[in-house]
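After this come two complexes, each holding chain A, first together with chain B and then together with chain C.
Presenting the complex of A and B:
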């Protein structure tokens, strides 16, 4: 039926809209969710305030860069701050290349590799039928390997997510067994950095894969259609487009690493050393493992009030470092927000 | 007869000089895309010798065992525009992607039959698919510039192919795609700052910059407005003297306007519970649109298709 003047005129009168009414359920729900926010935020603010109130007056240049004593008067954050810096640097140097590499392989090349292996398996199987003796053994081995590529890729794929959920203490035990005992690195900054690198590796891989996945495939296809090799397409177009996301995820992973204390305790971190560690990562193998969370943990456990105040100051410093790192991540995310 | 003389004149216009000559400005004034189509709207081109470039023999494609196209026999002549038309799901794009081995990149895709390019088997295991894709360029349905500057969009293809990216070559590519005048003052601006039609012409420029033999275009105008569409159609006619163009299109007027040869595909295999594309008919465009041999072609081009 078309709408003409006549058909419109013949329409029955339209029923009036319902009046706005009071819905008690809405009000209750509103109150509940608002209450949840208030409880969460206010408890956070209260904790922060109680720490900042005590800690901030204690922070000065001596606390950060000079003091290194055993008494409350002479105690400072110098060694811990330097130690954390070196540990973070080592973690970054190890975990970023490994994590980015693994993410690029798993996201961009594993499937193609699997397909090639599957095709090769078919060829090898046909060849096997015509072969005798030693050649047969060689072909069999290659056939088994070709068949293993797919399941291996899937196994790695599944277990990276599982590894991200493993408690950090377990990584501490791994670091103790592998780096301290087996590799003989002793309880050094190097061992701590490597342990934390293992801890954040799955997180970096997962977040980098997500960033790579977010780059539309049309960009990669466009590059391939110009006659670039798969590697050129990934290196020249996909990775540059994904790098802000990959860095954002990695910085957040690094801020997790800098706040971790449990694995460092297991690896054998110390809390007091008369020697101020060198910030040169080359020397990390011979420096005792010192880090900010360990120092805070130690001070907070001491009975003296003055040490607890120092712990508060340490917490403030750690928090400032964390906030700085997170703001870099947020800046990167906003600066290079998705354009497709 | 008046149309014939006009065609002749336009033909001369179009065919003088290389496409990168100064005549990069585009004339669209005398054609209105919205008006009813007549075959005389065709962008005129002279008769060109038919030299087969692609030869397809019983070509089929399956995705994880499901056929997407089957038994296609087709010849694409050099320096002509060949249009693939047909309803959705008839395998036009799938077939187009066989012509430069883009289907290799889709997991589970398998090709049957034989595709030869200038006499060479395109799927010979000793042939490098990377070189195939360089020689046979592609423009996609949705403009897909790289998220970089306009200049970098052009130079990427040159770099990966070992061409030294000079300013002259960049300008030449942009001129060939009739976008130079619009971007010459902002070559370092982000490619995403261009309009959709400009982005698509940038993608064409990018493809031309690596100096391919063939340009495959997969519905290049489906995301564009009529003005940009006409600009790209005029561009195709300009380019075909140097390149061979294969275009997939849903727009029959477009096929009629620009192509020399048209291949009509349809969906088949419904009675076996399958859905794959087959070639119904391939002939000179005028013949397809005025006196097709197959009833299905006639139904489709006259708009009576179900």
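Presenting the complex of A and C:
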């Protein structure tokens, strides 16, 4: 976020340095930075306040337990809330194992393989000069492969970074094509959850790799020196040390997923179902794709003020879920983080 | 060991999720209407609240019929409808030729039913004296057509007052209807486009806010949005190609004397109509269209149109 970079300039460790010289440029920069912070914070507070003021009084048990309907007085949020929770659960079940696995492979094994391959390429080239006949063909193929591993890894790397920057609506189109049309999952919570899993996967991979990178290599090398295999060292030492960071990144990615509406609209999200979706993820394939952001959007665009107030209440519920998730992330980080 | 504790937490979370899941799956009610099945509806977000109201009331007597309503917009709705993935499509305008052609290619046969009415209301900020209380199509066209440079009420016979325009964006069915009705078609039969330099939004509430904040602003949107904001906006009477100046009211919109009144439709796939639950729902919708419209703050369709619609439902 830009905010952290801006507040960085105002940190006490930097400020005394700026004071000593009193260059006009510094003063101007300081004022600009401070102004940016004030604008950002005050507009955030204003938005929050205007929503909380309207929304909070409308939140009661009925709002959380009753299906949404045509009348603002009796319309509830439960379908959207349940839908979002199921979607999130599916996203988590799919994206976490895949993301962690990919991150561990790319960070800990792909690089090692690349180095092995480079060494092997030298050996193979020497051997190639002495080989004859079919053996020569086999060696050539292995040599080409050994040379390809490095570029291939870099290609995967670059693509993961690029995917993290792709607009979310594109993932909606991907989900529609792959899960709804090709795999025939219908426009269900399952299709929505899988689509969001694709959306957050690159973010999880990147943040998990950073967490793995932050573990000092001495830990891993110590394990290797004591005779453990690379996999034992990674599983037993590196991953446990990195897991707080990996989880923090993942929960922040999930927070992004729960607020997404564009990909769900494209996949075929609906704003009303007479049937309140079951929260059992096993049924997700046959439940209509309902989610909090879609419901909020539908309410906010209505002409009646009373529906727009409901939208505010929905936003408050969405924010509470988000804050809960973020506080879990902070708890995990503080509880399990280690310093070396 | 940390990893072990984390594993325990993870396992606990999974068990908790399982427990919650176990409780959730038990809302099967007994069939009281004897009907069951699923009806998928998508389309115009203008019509969706009415359809939602119909689905909700219908469901009270037919608990085993699952009805879902989406809001992909009229165009987006027809795309799905003609791909055969929805049973009913909500529409704030009639189906376009190319959409009908897409349905034809896919072998989807359908029937159009009128369910309610809407009147595109021409609005200004409340209490502004623009020198005009009634605008005709020629004046509206002059202000909105492509290439128009009108930026003062004087240009359409009003006072010397700066004019700012606000209206729906080109994804909206309201935009299509306004252009077709007011701007007309060119020689090739294509609807004339509107000028591009106005404050456009797909959300009518934004247009309301834009007009309400600026004296001299002129904009248009669905009648309900005017009705809900009548304390902040004034409506202008509209004069069509023939006839008198007419203000939009529930009566003038229903009977069609207001020149910018438009019908709201549902399109039903004929193959879906063969299913008893779809037929029962459509029948219920049309039979109760007037009271549903009143409940959900829509302008009802004339009874004659509803009767005509009902007659099209196969027995």
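Here is the rule we go by: the second predicted complex is superposed on the first by the 271 of 340 C-alpha atoms of A that agree within 3 Å, B and C clash if a C-alpha of one lies under 4 Å from a C-alpha of the other, contacts with A are read in each partner's own complex, and residues count from 1 in each chain.
Everything that follows uses one rule, which is that a contact is a pair of C-beta atoms (placed from the backbone, for glycine too) under 8 Å apart; a residue touches a chain by one contact, two chains touch by 3 or more.
Treat the numbers as computed from the prediction; the structure is a model and nothing was measured.
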Looking at the overlay on chain A, is there a clash between chain B and chain C, or do the two fit?
-> fit
So, does A:82 touch the first partner chain B, the second partner chain C, both, or neither?
-> second
Is A:111 in contact with chain B, with chain C, with both, or with neither (first, second, both, neither)?
-> first
Considering only touches as defined above, state whether A:282 meets chain B (first), chain C (second), both or neither.
-> second
Mind working out whether A:265 is in touch with chain B, chain C, both or neither, as first, second, both or neither?
-> second
May I ask you to decide whether A:303 touches chain B, chain C, both, or neither, giving the answer as first, second, both or neither?
-> second
Have a look at where A:273 lands relative to chain B and chain C in the superposition and call it first, second, both or neither.
-> second
Counting residues of chain A in contact, which comes out ahead: chain B or chain C?
-> C
For A:240, select first, second, both or neither according to whether it touches chain B, chain C, the two together, or no partner.
-> both
Identify the partner contact of A:216: answer first if only chain B is touched, second if only chain C is, both if each is, neither if none is.
-> first
Measuring by CA atoms in the overlay, how small does the chain B-chain C distance get, in Å?
-> 6
Chain B/chain C common contact set on chain A = 240
Hey, which residues of chain C end up touching chain A in the complex?
-> 1-3, 6, 17, 20-25, 27, 42, 45, 48-49, 52-53, 55-57, 59, 65-72, 80, 85, 203-205, 222, 224-225, 227-229, 295-297
What residues of chain A sit close enough to touch chain B in their complex?
-> 111, 115, 216, 218-219, 221-229, 232, 236-237, 240-241, 339-340
In the complex formed with chain A, which residues of chain B make contact?
-> 100, 102, 105, 107, 130-131, 133-135, 137-138, 140, 142, 144-148, 156-157, 159-161, 190, 192, 203, 206-207, 210
If you look only at chain A, which of its residues touch chain C in the complex?
-> 69-71, 82, 89, 187, 239-240, 243, 265, 268-276, 278-283, 288, 298, 300-305, 308, 336
